[in-house]
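Per-chain numbering from 1; labels A, B, C and D assigned in written order.
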Amino acid sequence: MDWNLIGIWVAAFLTLSIYSVLYRDNPFYRFAEHLFVGVSVGYGIVLSIYQGFIPFAWDPFVAAVTGESPTGFIKLIPIGIGLLFFARLSPRHTWLIRYPIAILIGFGAGIAIPNVLRANIFEQTRGTIAPFAEIAAGTLSGWGIFEAVLMVAGVICTLTYFFFAVEHRGPVKWLSKVGIAFLMIGFGSAFGNTVMGRVALLIQRVDFLLGDWLHIIQ
Amino acid sequence: MDRRIVFILVALAVIIPMLLSINLPVSVSEPTQKFYDYVESLPAGSTIMVAFDYGPSSLAELNPMAKALLKQCFDKDIRVIAITLVVDAPTLASALIQEVAAEKGAVDGEDYVFLGFRPGAVQVILGMGTDIASVYDTDYNGTAISEIPMMQDITNYDQIDLLVDFASSDTVESWIIYANVQYNQKIAAGVTGVIIAQMFPYLQTEQLVGLLSGILGAAEYENLVGAPDKGMQWINVESFVHLLIVGLVIIGNITYFIMRREE
Amino acid sequence: MKRQVPLVLCFVFGIVMIFTQFSPHSFSQGIYEEVISWALIIGPFALVLATVTLIQTHTARIRRRTEHWQYSFVVFAGLIIMVLIGIPFKPQNSVFEWLYNNVQLPMDATMFSLLAFFIASAAYRAFRARTFEASLLLITALIVMMGNVPVGDLLSNDTASKARQWILDNPNLSARRGIILGVSLGVISQSIRIILGIERSYLGGGD
Amino acid sequence: MIKITQWIVVTLVLCLSVSVAFSQGLAPLSNVTAVDTPNDNGSSITIKWDAAAEDSGVSGYQILRRIADGELEAIGDLLPAETSTYVDSAIEKGTAYAYIVRAVSETEATVDSEQTAPVEGTGEWFHTGKIPLFITMLLFSAAIVWNIYSARSGKDIFVRRIPGLEAVDEAIGRATEMGRSILYSTGLGGVSGVATIASMTILGQVARRTADYETSLRVPCRDPIVLNVVREMVKTAYLEEGRPDAYNEDDIFFLTESQFAYAAGVEGMMLREKPAAIFLQGTFYAESLILAETGNSVGAIQIAGTDSEHQLPFFIAACDYTLIGEELYAASAYLSREPMLLGSLRGQDWGKLLIFAAIVLGVVLELSGVSWITTLLQRVS
């Protein structure tokens, strides 16, 4: 049996089943949708075991048991924490699940504070100011100066729109209106810029159907 | 208008140009030309490292340009070392390289080698600066680096004439910060349409010797290499769909204004 | 035990992670790497638990014969096949790869490509010059869209791609910066609340 | 020990003088120092010297090092003539190294510098380059905490109108009237994501209202941990409204972790159940438009909110109301009126004022040629 050919037919059938949803909900889409959910969950489990659990927990633990590297016993802590998730299955002990959740949340928050502050706030503020050094050095043309000023104006107005604890009246209202205009230009351009990539995805699927499957085009 | 009519129009705008293989002229932009010229200027026997830093979701945009570059390299007897920093890329990259190699008669281990994936992007980039074998002790098939003929005279970036990053996320920045700034490695990039705008500053500072942008870049490159393929075909289809969307928006606005006047 | 211990755990892990970000010493970096690997170990347990709830949900659907209950068997079939082949024979085996390449990958790519249709229908419906702001959205979207394809430059004598680049580099970037700065302040303030135990919503209600 | 060192010095001086004599006037490099690289984990040593003048005939440098009294070994490649620092990261911890920088001329004549004092690589406990970051973090934390306490002490805090939030009640009301369900997606983010937590807070408020109206509230989850937290929160909301009987745990379920399989599942739900109101609140990626367009096609009122700036355009285009970026966080404060959230919202406004000040001051200083603000903000490696 040519598994390659069967694979192409299976893939083509599933591709068309999913496209059928554009017309309306139907048994083919429902089949593909449910198969997709089942397969993806199975795939996720297999991968998280082989790429997460085995290399990071099991291997070091085995190495500890065989005496190769005793530090592997420390992996019993996260394994124990992970097992607490199963407390969810017993109504009386459900609250135990708060332990692993609290750890993951604390961990995420701790990493976020310094990194978000540095990468997003420090860097973006610096990027906004930096062109003015070139203006001072006289290396920026008239147009470049306009762009630098526009950038500062845009950032300040957009940020003004996000003031929540003050009423938007007077100059604040005026600034935040300009901010909305900047936001709309930003959204429009981001929308337009995405079209190309998304259409390429569709072209690739149609190419698969017309070429690999039906052989209408080479 | 029912949205299904829009869906049918989009489908037709893809299928019809594809079947008719309509060809609109493709001019070559400067960053693409620079990319091509740089590779052309390399003598036979040079080495290019290609990083396939994209997963399945960007395959449509980046595979055509990677293919065109590999064709050019194999035609010119430039050796290719392929790697990836992205975990779900190896199967796709390996399949693509083998396809082009079979077409051009390139030999694994002599004309090209695929080293596969290693975790920790920054450590991989830095590690290869001192010794490639310290990061990749074997290639993707498990052959020891020391037994691969073409790797005999290659230790680190010093023997690599150009690094090409095909990317769908911020890996280009990492290559520039660590391979270009630290080790003076020449870098060119091919990226998806969405992140192209982030790349232009590096082109201006010449930290990138060339740049290919999505399907358009692939089409231009195929044009230069003289091997028209998916890129040329697809960019025409792209044009039709973009024109369709613009047309739809204009029609939508005209009907909107007519209806508002009637009210 | 039910509320205090989680809050303490959250505080300790949060403070330790902040500390590792400011301390380059190999001891702190060692802690950082160890804890990162813990997060990867804990993840699969949560996924297994979620799968149990998924199985419960679908078993309930089959038992109660809710509408379209038959499809729950399809979910089970997909799940069981992937797990039975993937776990004993490792994900590198050819059957598992065949299933990934011919079942999961095509559906993934096809779902993703639906966006091409939706982007067209959303543009058609929403891009109306109703107000000044809506007109800005509409016009920039059209310029950038045309600047991306050769046809745009052909029709506009190369101005489309230049205009596109300028818009993306200038007004677009400043708007994005504004959003990012605001969002980042929110992220930090929330993280501070979490670590200090002021924000406790994640614990749910009850005692 | 001292004797040996003396010997080395004498030999070196001799060698130096000999090489100077035969090296067409190449002068040994001056000010060669080796220090432990600051702010690292102790894995490198930095060597600095004064680069030779352009007309000195020096074409490059070779770094040499030795451990205690061991042999001199060359490390790294020949460095170009304009360099004046080298970071040796191939060192063993706990070992002291002494360095010599050898100047090389075009004719390959060489002259060695004096040997530096031996130095060890040590790791630092605090990265001094990150002091500004640390101080900013403390200041901002203080501002947030202070505002929260002032809000808790009963001080009323104003929050501006957020377009879209008025529609929440309208949307729930409509679903009740039509006897249809409400679909609420908390997005693809994990439990520690701010957007997810804000989304869960809003969900808690929505759940209070649906509990009163007995409208069914369907929540498909993508993250297994979010699933558990959401179940707890909704259950609490129903309990507090005195309607524990109306709570149905099966309405809050895990779909799948895979991005597009999740999208396929939610899309199917929308088409089959035809919810009257759809809330898409949280972190979203490319699937945002699949969800929003399908929701629109079934005629639901859609209220979206996300801090993923790349997805905002699609929500703006396809949904009835969209909470933009930080508005999502503000919405959770606005709806719940909780002092903690209101207070930190005002703290965030203070943060914005600080950014304004930094930008304005930075621009003024840069224009007058002073760049310490940019240097301060410069990313510390």
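Keep in mind that, in the parts below, contacts are C-beta pairs under 8 Å (C-beta built on N, C-alpha and C of every residue); 3 or more make two chains touch, one makes a residue touch a chain.
A quick note: this is a predicted structure, and the numbers were derived from the prediction, not measured.
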Shortest contact path, chain A to chain D, counted in steps: 1
Farthest-lying chain, centroid of Cα atoms versus that of chain A: B
Chain occupying the middle, per Cα centroid: A
Pair sharing more residue contacts (C-beta pairs) when C-D is set against A-B: C-D
Centroid distance [mean C-alpha coordinates] between chain D and chain C, Å: 16
Rounded Å distance, chain A centre to chain B centre (Cα mean): 22
Cα-centroid distance, chain B relative to chain D, in whole angstrom: 28
Chain B and chain C: spacing of chain centres that average the CA atoms, whole Å: 24
Multi-partner residues of chain A (each touching 2 or more other chains): 18, 21-22, 30, 32-33, 36-37, 39-41, 43-44, 88, 100-101, 104-105, 107-109, 112-114, 117, 121, 125, 128, 152, 155, 159, 162, 183, 187-188, 190-191, 193-196, 199, 201-202, 204
Junction residues of chain D - those touching two or more other chains: 130, 133, 137, 140, 191-192, 225, 228-229, 255-258, 260-261, 264, 272, 286, 293, 309, 312-314, 316-317, 324-326, 348, 352, 355
Of all residues in chain B, the ones touching two or more other chains: 3, 7, 10-11, 14, 57, 59-60, 193, 197, 214, 216, 238, 241-242, 245
Chain A - residues contacting chain D, complex: 18, 21, 24-25, 29-30, 32-33, 36-37, 39-41, 43-44, 88, 97, 100-101, 104-105, 107-109, 112-114, 117-119, 121-123, 125-126, 128-130, 132-133, 135-136, 152, 155-156, 159, 162-168, 183, 187-188, 190-191, 194
In the complex, chain B residues that touch chain C: 1, 3, 6-7, 9-11, 14, 24-27, 29, 56-57, 59-60, 91, 193, 197, 200, 214, 216, 219, 235, 238-239, 241-246, 248-249, 251-253, 256-257
Residue ranges of chain B in contact with chain A within the complex: 4, 7, 10-11, 14-15, 18-19, 21, 57-61, 87, 192-194, 197, 214-216, 230, 234, 237-238, 241-242, 245
Complex contact set, residues of chain C against chain D: 18, 21-29, 46-47, 49-51, 53-54, 57, 60, 67-68, 104, 107-108, 111-112, 114-115, 118-119, 121-123, 125-127, 137, 176, 179-183, 185-194, 196, 198-199, 201-206
Complex contact set, residues of chain C against chain A: 2-3, 5-7, 9-18, 21-22, 34-35, 37-49, 51-52, 54, 68, 71-72, 74-83, 86-87, 90-91, 96, 98-107, 109-117, 119, 123, 132-134, 136-145, 147-149, 164, 167-185, 187-188, 190-192, 194-195, 202-204, 206
